[in-house]
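These notes open a run of structures that come right after.
What follows is a pair of complexes built around subunit A, which joins subunit B in one and subunit C in the other.
Coming up: the complex of A and B.
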């Protein structure tokens, strides 16, 4: 989780990702940020995130993103 | 059949509403299907065949894909990881054939009907460069109603079934209704199957709140379209059709009024169709979210024609930018060249296709492609120069959270959007450039007061109504932007006050609507796409 928070901080500095639960609805992450984030996550965790996984529910908070990573790691 | 016509509002919509509420819930969807096909046949006559072909193509392809999705789901539990991969690869081949069939049929029809003359013209220009007398003949084609909209709906359905997002629908009637639901067939919003199909199929009993809120929305849409957009139309046409005769402030006013016209018209149409659906208890996706309060062009496109933007995002932007090839390229650029550029590489390529798609979708003309490219270049410049902007702001001790900076961003975005609208409305890119340059010559604020604007086909009353309408739209937008729900507030007032508001709104539409002698109702601009 700490590793993920560091990646997110690099992409969007100044956001408290530990507390923020509405990253999409509050427009904190836009589609460009999502692509950058997905590229970094795939690189770091060696997983494949498809467009089907890129839905608001999976990117609402650091926690939901981490759940997605864990799920994809287990699926592999 | 125009959504603003008496035939639609007083006959078609009213009779469909009555019929819908008279039949049992279980068969209500059949009323909607019947009404939708009747609407389509009245508007497009025998061209209905094209939407039938699209419907059948996605229906049968969907079932075919689903058969293989089910086969894999059932078999995978009993297979080892290796065998699972093998089976998946084998099945993928058949699924790809089915989706290719559906996409070729749907995009093939769209390209053939909407873009064949554009391709022919472009090919002829190239042929003539080689001094050849051969030319591809022009075809006289009438476009089927809403083909640009329902094609995107159809393809989103089949792609989602292919991806396994949801199961293919076994009910042909439900697919047919999803594609040709009458309120959204002309100008959208572009619906998604998982958000719309169930709503259309379920029977909704009469609901007073849905009914009144729907009627309110219809009147709000009529206000925008008939009172504002149709009134502005004359002035805009006068200036754009004779642009060589005008300069300075006149051009600026005409561009601003065109932006007002297209917004009032398109969002007004969305209000009418959303209201038309809401009286049946069906909620369509939002297509506008106060776009002129946007503080960047990215933000603007998240608020303007939202359903087109999300379609392009989900079916072009993400698949390209998240493809293995671009992820690998990004990794290499980060490693060998520059980390910032490396992060932006996938988005840069994907956005090129998004904006080409956006421009091309709007029309078969180079000016629409230029319109898309205008936003692409601005967006890319913004992305790549972001570190530079941050450095400048930091050196000047300007924080992005400052209120005045936020207002500056809104004004900047508004100017950029208006230049985009100039490209969109002008005959071609050269005319747009000439008009833009001519705003700097003979510029004087006196144009606003010396009455010269009133020689452009509208009189003083028209101008006052337009200004009043724009002010109302601005105030309503500002209140909504601050989280204030006007409709809920009106609904909570006592019956006397509530009906005073309703009658005032009806009065404004009837009295101030631009119809009768001297006016001709303008066609919906987006209906031509």
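Coming up: the complex of A and C.
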């Protein structure tokens, strides 16, 4: 989880990703941020995220993103 | 025909109960849309002014469109102000514009109160509930002429002071007639709008819709973060025509999202605003081979577009798309450095003449005189042309090729270099998601900034050496996680040029 927070902080400095739980509706992450974030996560965690998993539910907060990562790691 | 409202009224008579516009939350029929716009127009007519600027400061929505058309009913012209734009910048615009009124809604009201101008601030919610005064609206229309202004769009000038291109009814009518004819737009057309309303490309979406009794779906911006959801949304609404910036088409292509969700309804894909990378275009074509793909070219100052190219042959990933030929009822000329028409194959600045031309920059005679000049080929009577600042030439097929912005053509080590050519070479490489090339005059350095997973400088150097000569090779390569984009969604080259050193780690 800490690793993920570091990645997110690098993409959007100045946001408290531990607390923020509405990243999309609050317009914190835009389409290009999501692309960058997914690329970084795939790299860091050695997983593949397909467009099918790039849905709002999985990107509401650091916590939901982390859940997605954990799920994909277990599927591997 | 003298006024775009005739488009709306004719469609409303033929298709009163057809859906004209939708956004994420609601939809509106032609009949109701016209009624709303007339109510707003009647409300604004109390100002007792005509041909004056009224700024619309609201989030992108159906109501925003109602406000635009309401302003037109009042006999004035609307000025699109991005609700996300920093207050300081709006105030700079307002110094030039001096709007007679600003329309905002309850959501943006607090922010609107911070704006500095002498006119009145109106709430959309008050205006929409006004009674329609048909007699008043009729009197206003009787006095209107087709060279009255319809809207102003402010674009960032190179000096950093925004310029407001003003467009009259006649320009939009001439343009919209061309769009219909070129792309067979009719009442079966279902547009999926991506571009912001403060961007000239949205003029095609809005006015082709009301001209042809088509339907326009405003696609929520956040869907562009979620490719599968975006494509599903398009299918749910049976969108068959899109006119997007290449960056938006590239999002779909880079995710390979069409592998997961096909778009069976889509049959027209138009794009403009920046260079469409051929690699990503080829992805789209391979997935929707039967659709029409067209590359449109033009600046805000000529309504939207002056040339277009319908893709009719195969292009390799490193081959640039032509910008084609002039639209019907619009003429383009290639003018060389001597002020004469360029010969076949010779480079020159693309200049445009005809009714698409803007009326100028509002309250800015100096900038207007710099770009809107007397046709150098015609010394006999007054005729203005617009200098686009873009360098082009004709290829052997008689199609125009975009070379680069005049300011992007550089001299480096004695060679004349087109930065765009370096970008085309780099962007054709596998794994490159986006790139931009800038020139730092002070250090005499060509800098390539690129985005793409699993790439490093050496991969790029190895990849482009077979594509462009040595003297064109960048002196510096910067790998970024994400390219910066300006408010129109284009890669922000101005920012990169001034800040590339800060992102080079």
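Heads up, the rule we're going with is that the second predicted complex is superposed on the first by the 76 of 76 C-alpha atoms of A that agree within 3 Å, B and C clash if a C-alpha of one lies under 4 Å from a C-alpha of the other, contacts with A are read in each partner's own complex, and residues count from 1 in each chain.
The definition used in the following text is that a contact is a pair of C-beta atoms (placed from the backbone, for glycine too) under 8 Å apart; a residue touches a chain by one contact, two chains touch by 3 or more.
Since the model is a prediction, treat every value here as computed from it, not as a measurement.
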| item | value |
| --- | --- |
| First (subunit B), second (subunit C), both or neither touched by A:36 | both |
| First, second, both or neither for A:20, with subunit B first and subunit C second | neither |
| Which of subunit B and subunit C A:50 touches, first, second, both or neither | both |
| Contacts of A:59 with subunit B and subunit C, given as first, second, both or neither | second |
| Superposition-derived comparison: subunit B or subunit C, residues of subunit A touched | C |
| Subunit B and subunit C contact sites that coincide on subunit A, given as residue numbers | 27, 30-32, 35-36, 39-40, 42-43, 50-52, 54 |
| Contacting residues of subunit C [partner subunit A, same complex] | 221-222, 224-229, 251, 254-257, 260, 433, 453, 481-483, 485 |
| Contacting residues of subunit A [partner subunit C, same complex] | 10-11, 24-25, 27, 29-36, 39-40, 42-43, 50-52, 54-56, 59 |
| Complex contact set, residues of subunit A against subunit B | 27, 30-32, 35-36, 38-40, 42-43, 49-52, 54 |
| Residues on subunit B engaged by subunit A in the complex (per definition of touch) | 163-165, 298-299, 302, 313-314, 317-319, 321-322, 327, 330-331, 343-344, 346-347, 350, 383 |
